[in-house]
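One structure follows; several queries about it will come next.
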């Protein structure tokens, strides 16, 4: 038991691992912030395309469905390997010169956009049809009704699942560590292989938890607030 | 009674030497068979097909060597089980899922504290494999300024990280990923054992640049066993015998037609 | 009474038929509404009153027939749906206020984004309308803080903020508590007094009797009988009309 504690939670190893794991963690944070911003916007775009009415939009809707099905079904690790080791081999200058971190962000964005698109879509569909009906009846166009009436309500409703997906994204940045980006998990792994002690992983875990817990509590708070408001309205 | 004693004495005199002459079964995980850990592919050393955890149809220098060692232990080649053991799990403390593992593992003092090594069976330095478009470094100082790939948990990574202290290092969890990385240009140089990079370059000459140089680290490969394994003395003895009678030199010639002396030494 | 001086009605429906799948909800409906007139549609639920109203503001498309509003056809040629809806206001049974906007923002949205008035003018228009219904103090509240009657009156002025030429009211008091109904009916009464052209689907028979220029009884998608309220309510001709009214009187609603 003492040996296990020493191997995974040794105080001296903890202190020793902090600088390298912290420098790696900054890379995780960098990746997650950029990926999350991109995902928020791109997923909303695709969710709107997914809901476009009319026969003319059918190919666009089809493309959107293809995209979300494909990238929700493909493991992030595979997408990451393809992005980081595959894309640069295609010969285009911009891909060849892109850093592995940037390509890792591409992989994270492409996969998580697929998930978040479905979250937005669920939100949009949960807004009662009568809202769109009332908006259109005022003379608002499809786009105006979407922008001023449907989307504001849809987005408010899906903030908790959105935040959940982002917590997932934050943790998944560690996957990029296997493919040439020396983020927190890779640093911890290096530490383990150099010093035969796994406490570096504990350091990494602590950093991630520090980041995730406030977000999780905030999500809980939002959910509770919404519940209270809905219950008051039912009175 | 008096006539029995001489009979018993004679019987014992006959029995004891013959008992000693019959060798005891080696203390393997499963008596009568041998479990060998591998981690293909490493051109020249080992290639094989992975089916789940098992390696089927393995061939290579380390395979032939393992079979020769098994023979010396009294286990036929048909009773050898070949399993895949990821490299970066080799040096974790704890029980091993194999009797011994051949994974071009360099013997180091730090590693020796957590695992047993057999007697050495191969000498190697680190080699530098370049990307096609990279400029060849002519010194360690020039190498230090390049973007370098290395594989997790290898002595190559340890060298560039702790001895060379290169500022731009990318680590990859598998050898294949690291080879892809240098091929595609994620990094300019891949630092890994010379025989491994030289063999790979020989197999796919147009995929990479030259093996630009070697770094003298005087590494020796040993088979990896669990700490305090009862097999270690037997395996080491077998390797020493195979070295002495020239078998290992013959196997090296068979599997590696590379003249390492031609590769310039970086200083 | 229905037609204007030139003999054209402000709203005219001719042979309007609407099907949902196999079900015929409206069958060859003919209706004329003169400018500044109020027409009340009465009939059982499912008789097609809502569908009829929704065809007039193009929330539904008719399968056969012609609809003309203020000289513009809604059924032939290229129709600018949003332009039609600017002229034709509709209020629903479920008020459908936008919950994420304040009362003021609800009323301002149309003038600002559809009529293109600036922020200041839209706000002025909205506040004036809210003042007229005595709800200016609620301007910055969210709809869920208002009573049902207040919400419905806000829904009405939200439609009025578009300065429509025709108002369609689809059973706007059916979801309200009885004591809140009269404040809404009062607002409708005032609208009729200032000459708003209206088509009102309603269960409030006394109100219909009081405010309508013409009452139409819908039965199974057909206008069974139509005429001035005194005729319909006191002396219905058709047996089905009489049956319907008899049941209403029995229920104490007339």
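Order of writing sets the labels: A, B and C. Residues in every chain begin at 1.
Throughout what follows, a contact is a pair of C-beta atoms (placed from the backbone, for glycine too) under 8 Å apart; a residue touches a chain by one contact, two chains touch by 3 or more.
Treat the numbers as computed from the prediction; the structure is a model and nothing was measured.
Shared contacts of subunit A and subunit B, meaning chains that touch the two of them, come down to nothing at all.
For subunit A, the chain whose average C-alpha position is most distant is C. Relative to the centroid of every protein C-alpha atom shown, the closest chain centre, again from C-alpha atoms, is found for A.
A separation of 41 Å divides the Cα centre of subunit A from that of subunit B. Subunit B and subunit C have Cα centroids lying 86 Å from one another. Distance between chain centres (mean CA atoms), subunit A to subunit C: 47 Å.
Multi-chain contact residues, meaning those touching two or more other chains, do not occur anywhere in subunit B. Against subunit A, the residues of subunit C that register as touching in their complex are 57, 59, 82-83, 85-86, 89-90, 92, 94, 96-100, 109-110, 113-114, 144, 158-159, 162.
In the complex of the two chains, the subunit B residues touching subunit A come out as 88, 91, 93, 110, 113-114, 149, 152-153, 157-158, 161-162, 169-173, 177, 180-181, 183-187. Those residues of subunit A whose C-beta lies close enough to touch subunit C in the complex are 130-131, 133-141, 144, 148-149, 152-153, 156, 229, 232-233. Residue ranges on subunit A touching subunit B, taken from their complex, read 3, 7, 81, 84-86, 88-89, 96, 100, 177-182, 186, 189-190, 193-196.
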